[in-house]
Amino acid sequence: MFDMTLTLDIDKPSEKKPVVVQTIILAAGLALLVLAPLFFYPVFLMKLLCFALFACAFNLLLGYTGLLSFGHAAFFGGAAYFTAHAVKEWGLPPELGILVGVAGAAFLGAIIGFLAIRRQGIYFAMITLALAQMFYFFCLQAEFTKGEDGIQSVPRGHLFGFIDLSQSTNMYYFVLGVFIIGVAIIWRIIHSPFGMILKSIRENETRAVSLGYSVRNYKLAAFVMSAALTGLAGGIKALVFQFATLTDVSWQMSGEVILMTLLGGIGTLIGPLFGAGLVVTLQNYLATSEFPVTIITGLVFMVCVLLFRRGIVGEFYNSRLGRKLGFEHRH
Amino acid sequence: MTAALSEQNGAPRVVLSARGLRRDFGGFTAVNNVNLDVHHARVHALIGPNGAGKTTVFNLLTKFLQPTGGTITLLGEDITRMAPDKVARMGLVRSFQISAVFPHMSVLDNVRVALQRPNGLATQFWKPMSALDGLTAKADQLIRSVGLDKERNSVAADLSYGRKRVLEIATTLALDPKVLLLDEPMAGMGHEDVGMVAEIIREVALERAVLMVEHNLSVVSTLCHHVTVLQRGEILAEGDYANVSADPRVRTAYMGTEEA
Amino acid sequence: MTMIFGIPLQAFLGQLLIGLINGSFYALLSLGLAIIFGLLRVINFAHGAQYMLGAFFAWLLLSYFGIGYWPALIVAPLAVGLVGAIIERTMLRRLYSLDPLYGLLFTFGLALTIEGTFRYLYGASGQPYATPATLAGGTNLGFMFLPIYRGWVIAFSLVVCIGTWLVIEKTKLGSYLRAATENPILVQSFGINVPFLLTLTYALGAALAALAGVLAAPIYQVSPLMGSNIIIVVFAVVVVGGMGSIMGAIVTGYLLGVAEGLTKVFYPEASNIVIFVIMAIVLLIRPAGLFGRDV
Amino acid sequence: DASDGKVKIGILNDQSGVYADFGGKSSYEAALMAVEDFGGKVLGVPVEVITADHQNKADIASNIARQWYDTEQVDSIMELTSSSVGLAVQALSKEKKKITINTGAATTELTGKQCSPYGFHWAYDTHALAVGTGGALVKQGGDSWFFLTADYAFGYSLEENTGNYVKENGGTVVGSVRHPLATTDFSSFLLQAQSSGAKVIGLANAGLDTSNAIKQAAEFGIVQGGQRLAALLFTLAEVHGLGLEAAQGLTLTEGFYWNRNEETAKFGKRFMERTGKMPNMVHAGTYSAVLSYLKAIEKAGSDDGDAVAKELRALPVNDVFAENGKVAENGRMIHDMYLLEVKKPDESKEPWDYFKVLATIPGSEAFIDPAKSGCDLVKS
Amino acid sequence: MKPLLKVSGLNAWYGESHILHGVDMTVGEGEMVTLLGRNGVGKTTTLRSIMGIVRNRKGAIDFAGEDLIKVPLHRVAHRGLGFIPEERGIFSTLSVYENLLLPPAVAKGGMTVDEIFELFPNLHERRNSPGTKLSGGEQQMLAIARILRTGVRMMLLDEPTEGLAPVIVQRIGDVLKTLKERGMTVLLVEQNFRFASKVADRFYLMDHGRMVGEFPVLELSVRMDMLHDVLGV
């Protein structure tokens, strides 16, 4: 459904030699992430990882199922609320709190998805947007979300009862762990028989139906998976910032994650990571400057759509160097 | 059950049947009171002038459209209100009038996607892609049988129109359907492909029921055991090709005065 | 006092009327959205921003050039229409050949940029815009006090909506426009200057949004946020009405305005979400929307 | 003495949103003025002021605050307009043992249940507004009220404080309706208020919302119909935005008015030169807060949070903002508030000459008795 | 016969792929010429390049004394050239009637709506339904009818018989003959060789983006071998 001139295929090496190169790149990337807190402000890094995971989860839906959801903030922010509430009010340990967030997001995803997959393309986008906005208003008025104030001072607690997460280094490695697990799950889903069917549905839905695939169920399953993984990101974000607020359920947040994905490269596994990195850095940089973030965000959006639809990673894959390294893609 | 019984009696059994099928679009009745029996191991042609309702009948039978009236039975089960994917899983598979492939997948993958479902490899989101390797041999065999070996690894979008139609037939066969519905399978095909596809159809019909819409009368005459002629949504004539083509009403409504 | 469902008649009718006024804005905005979508297959996320631009143009005209409401009612839509035309010519046009989702994303960025710029220049707080003298004051209708200006909004928006509908559905221009949406190249090969038509369409849609903006200026303050506050509700209106149906957009606009108004009487807490709830219900029952064709 | 060679103050508030005029960039100027007036240095090290826009989002605010403390060596954060932001940053600062002085937010929670040893509330609060504006209208015979309330903590707090005050004084609350933040159309809420028959319609909201409600009330002939509007949180900045024509006759409560005496007028003019507008209580309050903070550091001989907090509680506040103000155990700075009335256009003699001072409300009346505030820092 | 269309050295590209390699052909005023060739040899591309839909082209296209290479697409029709695409291009948001009235008349002498409805009674019957709700054959009729109204001098017709019932094919053949009598020039792309032989005056044979043969209808029988080679008939 989504434009097919994009880099659709997966980060899949086509030859033997590039595998080595790619493994080296992957290892280097991991090493970088492990060492990063020595050089950067850990809270910033954690924020980056949360959003990167969010964008990857979102990309599972957009890049690999062709569904543009304009309402993913509902799952991200919703999970943040659920986790925050579970940890703060019920006193659950962080790992269980996050599970509550994931389950809540999946549940929300099932409801919103059930309604939205009745329509396709642009309608789907608008419906998810509207339903997420409805959830936003729900959060605005529900008791447990504490309205505009949000759920504040959420305790980070002790992981498995003994790792003190209020230490920011501990928290960082916890977040990193969750991030890696999340991305690994996404990778597995994409490169699975199920992922293959998702791809075929995106390519030609009617044909998939005539081959006997219940397209709605597959779409819904992908939607719920994406929502659950988004919930994972939202849950850890609530712990990192000890906060759950309306910002995370607002439609601007849904827009932001689209931007991250678009900027990084739709349909590339690691693109969203770069997109998120760029957007988060930009926001951090501009947060204390005069210039409104929205103007820059808006302009980046326009430029991306007009000129770099493949996104950073997508453009790289298609560049000469990228091809040499075996990242070549059709189209 | 009943179907199996009838076969023992020697007569080819009815696998798909429609009774009193009707479909309205607004005030317009596109299909009216159509009774149709499709038999195992036979090729059944549905012909008729443009706009007679052939594609609509296909859509009704495969549940892509809901009938306004009438019933449809597949292998003894009433499928009148069933969802299209469910019907496909029961073994009723169709091709489309306008070619339907997965354009950005290779020919091999197109076929493998079709093979996944009958082999129970569709929902496993936790398994690696290599789980599908077992399907490759079967897929290659299908590809070879329709003569697409050379294009095995090309992207479907790069194929010519006719080759796409051939690929579509291959994916359809991958499901090993019990009933095959083909909407103008030869349309847009070069002469070289028509004969081959006809041969494929003849072969698959040995153990399956085939219902096809086709305007190429030479194909119809050589391939089909039974012909139903539709006109204005209603059945005008039925029988084998010789009888039907001799019917003066059919000649005026469809074939014209001379053989085209 | 006469009561309806335990609510004073006066309050009931009053809210009904206010619903109609809100509905006027929903209708005008969803009409513009429907036209742009119907013809360009672009979901114009910048519609809210263009509505805001209309109001701001009126305000700028007044505060810098002393040009009042009535001229602004014409000048501001023209100006915004022109801006729309330029955007279409230089940027939007490159996206037609792609998935319509890119149009949505592009206009989303556009909306952020425009709104951000106006926030930067004028702050987020609203600028006052006085009701034109000729329409100031109100009349007591017996059951409520109707500000004359709001009455004017209802009447004027109805005229504009019906007029636009007639142009699109009943004229040759309209059929060119509709055909061009589907297959611009072919229509062009018939001898029709399609690129120009598309520019015109986008300009028209933007101008309609701006017109709504000028109409809104005296009622709400002129604020950079006014567009983003309303746009998503208008999206829901369009989904309920059935995308691409122009009549659907208009009728649903008024209907949902009234529905929202009535919710404010009976269950004010739900007034924010009532339109979305209606949308969900409609989706369950008629996925194509009330007036939409099946797709 | 001062840690890391300088004293750094952060001014964190809304600079582009609905409260941008209420406090905004001008608060930063006010802080700079205070630093200059103090001499630019304390304990021999330079004083630095930085600022950021939190866009009215508590999470953004708390992120910035965290980063300021963690990476920028900020010693205290002030202004903090909006209750959610105020509470969030105060909670974070408590953890980090850093001083916050809130001049922009209204909720009494800051010095109530959620009070902090390091958190101070300077300019005004919802209780003061209730006593001031609410009290004045009750005295004038407004004994039945209907509230239009912003649907979040600040609104509830304002409605509750005012409602209680009305009831204590023999009045009744006939109803209320909650509206979301940044509502554009108040007409249906106003109609509800109108048909309720209440004598006073209390606007328990702020900024743009209040201005819009006032404007639309005029459109629907509400004041002509005999009902009164009580803009419970309304300052000079909003009056300026709305214009005297629409705002005339409103009663409101502020902790500061530039044209009250010579000293305030002098300060006002200086402020005007730098920002292009006259200060309201948030701006003047921020000036006062920075000044008091620097005095406390000097007295304590250190910028350590505990030491400074102790001195802040001990030192009296005497400056252009407050006369004989004193900081209570719960962190509330208690000072006089003023009941003001917006002039008619023809009464206004110069630009920004907007108010008549109706009465001075003594601090002890305006603010909650610390012992009854619910703050557990107060030894009873 | 005076040539109306003269194409020389026409090259055309889709993106990077070079499809036409120097096509030369002439169509005389009032002549009906058929372009034969296998799938994918570039027949459609030839028509689209002449019309100007494919813009990436080089060479000369002389139509009634003017080179069309520089004429923008929306002006070409006004020179008297009408195009009926392979995929028919019926508009779903327009009713059959609106579809019919859509192309602006570019010259006098086109058929009237009544004449058209007489020719295609199906269309009359379905005139108020949305265009794409017609069956494939009905859509083809509508596509032809649409151009007949405009009064163009020359039609470019891409596979008009594809997917049509024999009766309809016959009727279309009759229509083409009628048109020829009225002086219409037609360039026809056709796979249905038998049909083409009934209506055409002359044939071009195309292979790999070039013209590989040309002969009048009278020589058809003697050219069968060559056709066999190229078309595999």
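Note that the chains are named A, B, C, D and E in the order they appear, and that numbering of residues resets to 1 at the start of each chain.
Here, contacts are C-beta pairs under 8 Å (C-beta built on N, C-alpha and C of every residue); 3 or more make two chains touch, one makes a residue touch a chain.
Here the structure is a predicted model, which is why all the values come from computation and not from measurement.
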item	value
Contacts common to chain B and chain D (chain labels)	A
Any chain in contact with chain A as well as chain D	C
Chain whose average C-alpha position is farthest from chain C's own	B
Pair with more cross-chain C-beta pairs in contact, given C-D and C-E	C-D
Averaged-CA centre spacing for the pair chain C and chain A, given as whole angstrom	32
Length of the line joining the C-alpha centres of chain D and chain E, rounded to whole Å	78
Chain centre separation (chain A, chain B; CA means) in Å	42
Chain B and chain C: spacing of chain centres that average the CA atoms, whole Å	48
Multi-chain contact sites of chain E, meaning residues that touch two or more partners	none
Per-residue multi-chain contacts in chain A, two or more chains	137, 140-141, 292
Junction residues of chain D, two or more chains touched	16, 180
Chains touching one another, given as label pairs in label order	A-B, A-C, A-D, B-E, C-D, C-E
Parts of chain D lying in touch with chain C, wherever the complex brings them together	16-18, 20-21, 24, 177-178, 180, 182, 184-185, 187-189, 191-192, 195, 207-208, 211-212, 215-216, 219-221, 225, 241-243, 246
Chain B partner contacts - residues on chain A that touch it in the complex	4, 8, 188-189, 191-197, 199-200, 203-204, 206-215, 221, 225, 330-331
Sites on chain E touched by chain C in the complex	51-53, 73-78, 83, 85, 89, 91-94, 98-99, 101-104, 106, 130, 150
Residues on chain B engaged by chain A in the complex (per definition of touch)	62, 64, 83-86, 88-89, 93-96, 100-105, 109, 112-114, 116-117, 121-129, 131-132, 155, 171, 175
Of all residues in chain C, those that touch chain D in their complex	8, 10-11, 14-15, 18-19, 21-22, 119-120, 123-126, 128, 131, 138, 140, 144-145, 147, 149-150, 219-221, 223, 225-226, 229-230, 261, 264-265, 268-269, 271-272
